[in-house]
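Should a chain be cited, it is by its letter among A, B, C, D, E and F, assigned in written order, with residues numbered from 1 in that chain.
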């Protein structure tokens, strides 16, 4: 007999996911993604220039920034702007988001432009980095769509869907999908998985928290992750409508 | 015959103001204030200690921080956390918000605690600092209420309502109430007014932008400001319900 | 019967003001302004380029910096250079000085140049920001004069005189002109007024220090301020000699 | 017929690994680890206090820092001390090293002490973070040994061996063990594996570089990693001599 | 026949030196030292605590800070506070001033206090660091005197006079005393000498500027320096009056 | 009868000096210099551009950076990269190294290039700055040689050998050559001497540590320094082989 989790979920059950699109007025693309009690504003801004290391490459770039409101969390955090520097955690997450999105975009097709992704967590309850990636993909796709429709980008540059979930092993050695904060704080193993729409891995980051895990556990966690991922892709496809066809066409062209 | 403004408003007309309370889960008090297209998340967090300069004074402190999402604006702004320092504008606004709120709170009554006010602009269309003050007052009152109800604060410490509006003089020397971004950018005079519920001034900051203004104009601007302020106090009173009585009692005791 | 102030002054009496011109050898314009015990070195330096945001605008810029010697004050202050960042107070004052001076200069006439204003307080006894503005105007006028005489600036760009004073309300609800440090520290209301030679307001910053003030008090404070301002303009006119004519001509041309 | 790699290695072949112990005079433990052309000085310093968040916990902490000499690389890098901040890459690596080492140490047994791990790359040719972990484990074990022998630490706190290798997929979809810089720069997939002596995973970080990978590829990469890991454990065991017994005893006690 | 210098001085001639004492109101000791066109405000502030590394040592400390007004020089310099960090030159000078003063003070006699020396150059024409040391000694002696007279310091702690001059070798291999800026900029060798009243060396810093010098030249430069130093000690003795006796007594006691 | 030093050396005896050349793979020139227990990695990197202040001068530049591993010392030091700024000591040493090397190089001959010198102390036991200069000269000469041989630099630009030693006066007023850390910490006078191969002084920095010294002592210290310097030049000449001839030729041409 399986025990349910403290919030009543099955071990392989995601929290409810809602993605509100066109959440803000100014950005080219913006969403509010809600995963349980976690809420992240993701925006995509397209700028007509690239960072120095990409100049004259004929290719574009995708850069991501991540932040939390001071009171997104149970205890108020000091702002990184007030401290005058980013924490290692923030830098790690920013790099992860940017790298993940770049893996499904043909940077040549967007020209010498930067897509700035901003993920601002307004309420945190675990899984903020994975929610950021899942939401940012939608914001980016919408920003790109507007540029394609305006003729500024000639070829549809997004090669596949992209989403992320967390999985983990709790203190009782149970594997769980989509950890909330309380579960994450107690987990022995914490793993973030980023996947493309066709089921390939883009990022896999699995950490034993003063603990370790076997390859068998790794496989169970990946199975759980795939289940969650498929639910996220359904939501993305529903929202992105005709973009879906563009991605399909592109994927076929690539294959 | 009077010309209407570009958005159809009369010169003495505020934009619609909505204050959503209990907007976030974690803070002791939180609102989303919407003034036209300007949207600010204001939270109040109560911490059981004071900054070094207030230690052993028996009094509390109110500190405010203000920030904008990078894409709250038409053009994306570089994050202050990424630049590693706060701009002069941010510091000026933070100091204004904190000083304004402190003017209506009896700091002795809250004990050696800090009320942290965080104002995060998620969408900007002019008047972000005045919306921040008006919203932060409500968030603070709710946080204080929860502490009073829990018996942690013994005496109701808030002495009066507090709100803020902007007024200004446009290029054609017309005086306007509640400037949106487009009006603000072209204004010859830009003035922020912070007032208490009984009509006293707390802060008055009037700036000629490569221009100057007469005392007659100053008076017209203050009249406009008072009109807007009264509308804001009505909204605050409706939201704060029984707090209103606490403030009334306190005010009578003080008078 | 009116009480005199602790230093023997009437309520509407300024402290003695002395402006020593050509105080330093290198700057294009420099003064030492003394207001009672407050002493500020103000210099104006003209640089043949503008900040990035003004490039190719055909217009110049005026930028101000403000600092205090560590021992300008009763207690030694830590240098901002040693702390590695400017305080909010410093930034606020720098922005105020720059904005005030720009309001009386035709930036097109100076060409793509920056006038750097440096205000260094060597001894502080209240009113350092207003003394800085009053002194900086003279330093700037002298620097501009040398450039006009050298033919580097073709049209006299200064449109009017500019000075500043502080006024305030003390704990006993008395309105006072030109607060020294002791009065400022105890004031219920603290107001800085920046005016042009023809009596128009450029900046008005009135702050209730954990207090508020009525519009009637505001009017009394402005009356006091105007009295002080007229005394400052007399000193400026005496010093600037023929510049006075240039300003008169310019003002007539503008009117 | 399998193609050999550009440096003549088989796909599943490590570069030569040498660990020189007692490399420096002052630290409690120090090694120079050489992996092919990659050379890292790893030191372990034991300090009699813990960071603020661990105070009064009765437990110790392990903190790691990582740096490269400016000319460890083909092109000279600007020092992070000169830039005044750590890069995201450096922070990520530091956090990885610290977290990995903490997974095999019983922090209660070391008391309220911090083991500082410093990994300074003097020559870089790929795999600097994995070499750092493998070398740092040996430096840490030696430092701990000296404290145990001096009676300052009562119970042997290290639970198992720990090492790390990189694996990857090259542009031709070949899986490779222990990538040198040239291979790493061209890799489609780059994976760092940290394992304990009993074959459990501690960290798994697999990144598609503008690419993705299947679960089948993941499994092949893990097989390659295990092969390399076993070679590293042999070297560690040979060096650590009697420490090996301590670890064995401890492991048995734990199981 | 000897050539005179460009400003008419003999090679072994100092510029006129004036030390105005009690220049500022707040500091315990303050002077304005003028050496030719170089002008430095030197203040001494006594604080009742020492830096962490001196706590519980029973001894005091002397710390020095040095800065230039932005327009102390021909070209305006960017403020170090605006850049957010001190230059290497500033740090070098600060360390030199502090170390020099500490060499003539019995730190045990001042108790656990810090004497803060602030040297702010308001006009620079060469020799600012040596003028700072010469002036700072007088400011420090006066601050110490007030503490001795108030009974806060029991034993006169200053062991000897202290002053500094620059000497150098010009492009024509002529040795010069007290270089002004123009001479310093062209010098082949630049040397700063700090000496005690009894003719002992405290600091000697001689630098070949893309040049070198022989021991014979070193000796000539030291002879020149001694001549200048004797003139400075006469000025210091005249100013310090009865302090002179204290120093004499102390010196005899020490010898 | 003379007492030997605590490590058995005579007062005028250097510690053993070893310079390993081609220590690292990537830099144009690199050495590991060992002086007793002090070990410094010195590298020279040649970059095809100069700092802004040298642009279009037709001349090159030599810039030096200096750092210590955290555990080069008895107690672990906090990294300057972690603190976010360089200490005054580091800046002072960096400036000394760069200035010293520039004194023996004809900057016109190297063209608009920067020679970056990096001195990284991996083990410290006194004299790290002098060892850095002595080792950096060799690394630089080798880097320059490779550029001359490759035809990128047409004229041999190094005018003379360059080395550095420390000398000092101990508490018992004995003069010592080449102080180790223990001697340096207790010294009354600490002096660093930088000389060219023909016996001219380039830098002389002599500091009384809360002490002073006579001109007679200065002369004895310089005699000791010359003795050590001659031993260092022999080692440099042996290592640099044919470079020696280039320097001789150049020196004759200059004379």
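Following the convention adopted for this analysis, a contact is a pair of C-beta atoms (placed from the backbone, for glycine too) under 8 Å apart; a residue touches a chain by one contact, two chains touch by 3 or more.
Model, not experiment: these values are computed from the prediction.
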For chain C and chain E, chains touching each
none
Equivalent interface to B-C, which of D-F, C-E or A-D, with over half of contact pairs matching by residue number?
A-D
Tell me whether chain D and chain F, two copies of the same sequence, contact each other through the same residue numbers or different ones, using over half shared as the line for same.
same
Looking at CA centres, what chain is most distant from chain D?
C
Using mean CA coordinates as chain centres, what's the gap between chain B and chain E in Å?
52
Between chain A and chain B, what is the separation of their C-alpha centroids in Å?
35
Averaging over Cα atoms per chain, report the distance between chain C and chain D in Å.
61
Which residue numbers or ranges of chain D touch two or more of the other chains?
84-86
Which word fits the touch map of the chains here: line, ring, star, complete or other?
ring
In which sequence are the chains arranged about the ring, given a start at chain C and a first step to chain E?
C, E, F, D, A, B
Counting only contacts in the complex, chain F reaches chain D at residues 24-27, 30, 37, 41, 43, 45, 47, 65, 67, 69-74, 76, 79-82, 84-86, 90, 116, 118, 120, 122-123, 125
Once bound in the complex, which stretches of chain F touch chain E?
85-89, 91-92, 94-95, 99, 102-103, 107, 195-196, 199-215, 218, 222
